[in-house]
Amino acid sequence: MGNSAANDIARLRVEVCELNRALPGLGLVVWTAGNVSARVPGEDLLVIKPSGLDFEDLTPESMVVTDFEGTVVEGDLAPSSDTGAHAVVYRHMPEVGGVVHTHSTYACAWAARGEAIPCVLTMQADEFGGDIPVGPFALIGNEAIGEGIVSTLRGSRSPAVIMQNHGPFTIGKDARSAVKASVMLEEVAKATHLAHQLGTPIPIPQADIDSLNDRYQNVYGQK
Amino acid sequence: MGNSAANDIARLRVEVCELNRALPGLGLVVWTAGNVSARVPGEDLLVIKPSGLDFEDLTPESMVVTDFEGTVVEGDLAPSSDTGAHAVVYRHMPEVGGVVHTHSTYACAWAARGEAIPCVLTMQADEFGGDIPVGPFALIGNEAIGEGIVSTLRGSRSPAVIMQNHGPFTIGKDARSAVKASVMLEEVAKATHLAHQLGTPIPIPQADIDSLNDRYQNVYGQK
Amino acid sequence: MGNSAANDIARLRVEVCELNRALPGLGLVVWTAGNVSARVPGEDLLVIKPSGLDFEDLTPESMVVTDFEGTVVEGDLAPSSDTGAHAVVYRHMPEVGGVVHTHSTYACAWAARGEAIPCVLTMQADEFGGDIPVGPFALIGNEAIGEGIVSTLRGSRSPAVIMQNHGPFTIGKDARSAVKASVMLEEVAKATHLAHQLGTPIPIPQADIDSLNDRYQNVYGQK
Amino acid sequence: MGNSAANDIARLRVEVCELNRALPGLGLVVWTAGNVSARVPGEDLLVIKPSGLDFEDLTPESMVVTDFEGTVVEGDLAPSSDTGAHAVVYRHMPEVGGVVHTHSTYACAWAARGEAIPCVLTMQADEFGGDIPVGPFALIGNEAIGEGIVSTLRGSRSPAVIMQNHGPFTIGKDARSAVKASVMLEEVAKATHLAHQLGTPIPIPQADIDSLNDRYQNVYGQK
């Protein structure tokens, strides 16, 4: 590992630590159930939260660096038990720089039924470009979860997948973008859940979804 | 622009910044999805939040001043992508001094079904004077959203409109009043949603709505 | 007014101010919509929040003292627009030392349907001793609301009434007890709402309700 | 009582106090309705919250030590009115080191209907190893509640029982583990409630539940 990778890792330890610590305040996790990781640019390495620690006890030093098999390269602690899933995503999706896994409540309600979230709000069209898809049920401990994420999200505009009976994974160009997708996912999962409780939401025509998504991805924010 | 307008803008930068920063704590927005603006008195100018910045990073200096075409007059940042909608409201409704847009969750659930919120609580009669109306679906990027807001709210007692598949816009004599309307809207959107889940709410007779609204608008609070 | 009443008023200004300021954090109010009052012992006087002020701006000095007609005796501000209702309660229920009014969300959902909350949780049996009753719809501005509260709660074990289309009022031996009843009311209003969404709750037999209520009122807490 | 027990009690006063004080922030309790206790290792003694005090006023010194009949051994205050239930659990389940009782809202909704929570989320398989069972309705004040908890949880993988019409009790190897189970219970109670509102969740096959539970109990976290 060269100096550049070492600098990237030092920077990403801080960033990944801060984003993990932000999850409880964003309403996305309870207790220790969730994790954020980032790809080390140009290396087959990722930086991720250690397993089972309280979010408020996390420090940059306690973050764990693993390769894309999930083997620890740096760090004294065991990495998140979801590390294998993150690693598969980085290995197969080179455009992904950050991955987030939560058990956010409304997304889990859709997950328990194995139902995609239909696109009935402009916020969803903006961020997800259509329905938010469901991935297969898979047990933790081998590459099945990671492969389910990749097969569902590859070629999709959605940066979020809801794994059946499990919960959401989100991706982004960096860890912060993946956290943003987790926040937006839970928000549209809740609003769309509520909308369905009292009747049938009005679908947004596909051409309008395309137009909204294109504008949001290319015009919104600062250049 | 004279001294007086410059003073107003300086004051409104502080006020608009503070009100934007208050939105997350009021439970009305996630991430960067929402914005507050204010009219500069006597000028065809408005002060609004920049696009896509974190609420906690906003400062009075980062607020953007635009004309009523949405063209930036002061400020280094791109204005909110909803500036066009705000501008149309100020241009066509001279009594409006503040505009707020959010994607508050329960209001969005009504928006996804394109349903007005019926008046079944005195709090709604007080603040909104009747049902809270739905505006048309419209794409962002031209004047369609602003025109939909104006055509729905002009002549209505309601300071809030729920844009179909999108979310609420509220107006007020100043920015603070428009924020208040956003808070009250989300509260009645939630309580009325819940009321419908277990049966049929009892309507309030129109004469009583009129009486409640008149008293609240004219007697409530300090003189 | 003697020294003793003046001392009581000074103490109650502090207490009523603190309890009003606690309402937002307890999740019972939005914006300025709610109020706590206390009876001045041995006097036909009450201490109440001023009308329409932000909770966080309240000070002991801004509290208003009125007689039991709602006429201001001490204070520069207009009292809560619900003062008349509080006054009627104190006038007719000498055992009441504190009154609270909120628009707490789940209680309002029951209010909009004009439905009493059935007693299906031991927490409700403990605090309310049975169903939580609904009071009549009444307009603000004369004694109708206060009379509706009194006629519903007199002779009831419940310290809470849900006024139809309006919201809850709670009473207690002092202002703190009335705030507690507001907190417990919203909690059972929510849990019981949720219980009904997925089926039919199991009623608690009346003899068990009586037993729970007796124990909670007489044994719970410190002597 | 020897030096060792005295040291354990001193340590547990701090731990039990901190865990009780954490309950409101974890969203598990309102007002004073909830309590955490811990077993004093090797003694027939427990440390528990006093009855009816505000959580924020709790101190290590105000914790109460009782024997397994609920008789106070140390402390000036009356112990939690649920002490008898905690004592019965410690007496009959020697592997239990901590007990928590709350009235968390979604768990209470299941309790009011007397329905077990079906296992449709991996989070529930992880922590509870299957459905979360319902215990019998029982009045407070004798050993009926404690016996109902023991008869339901003995031989179960679930560290949580939902007592009918009442609310949840959770157990753990120590008080912190029991608090964790209360947090996870409320989370799965909510997500599973929501899942049922819009359709029928997909069950997780028993073999997969077993596999998830085994891994979570034996592999998750730091060794």
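In order of appearance the chains are A, B, C and D, and numbering begins at 1 in each one.
Note that a residue touches a chain if its C-beta (ideal position, glycine included) is under 8 Å from a C-beta of that chain, and two chains touch if they have at least 3 such contacts.
Computed from a predicted model, the values in this text were never measured in an experiment.
Between chain B and chain D, the least number of touch steps comes to 2. Farthest chain from chain C (centres taken as the mean of C-alpha atoms): A.
Homomeric contact chain B/chain C is classed as different-residue, with under half of its interface positions used by both copies.
With centres set at the average Cα position, the gap from chain A to chain C is 45 Å.
Inter-chain centre distance (chain A to chain B, centres taken as mean C-alpha positions): 32 Å.
Touching of two or more other chains is recorded for residues 197 of chain C.
Chain contact summary for the complex, chain D toward chain A: residues 120-123, 180, 183-184, 187, 190-192, 194-195, 197-202, 204, 208, 211-212, 215, 219-223. Chain A meets chain D in the complex at residues 30-33, 50-53, 77-78, 81, 103, 105-106, 108-115, 137, 139-141, 164-167, 193, 196-197.
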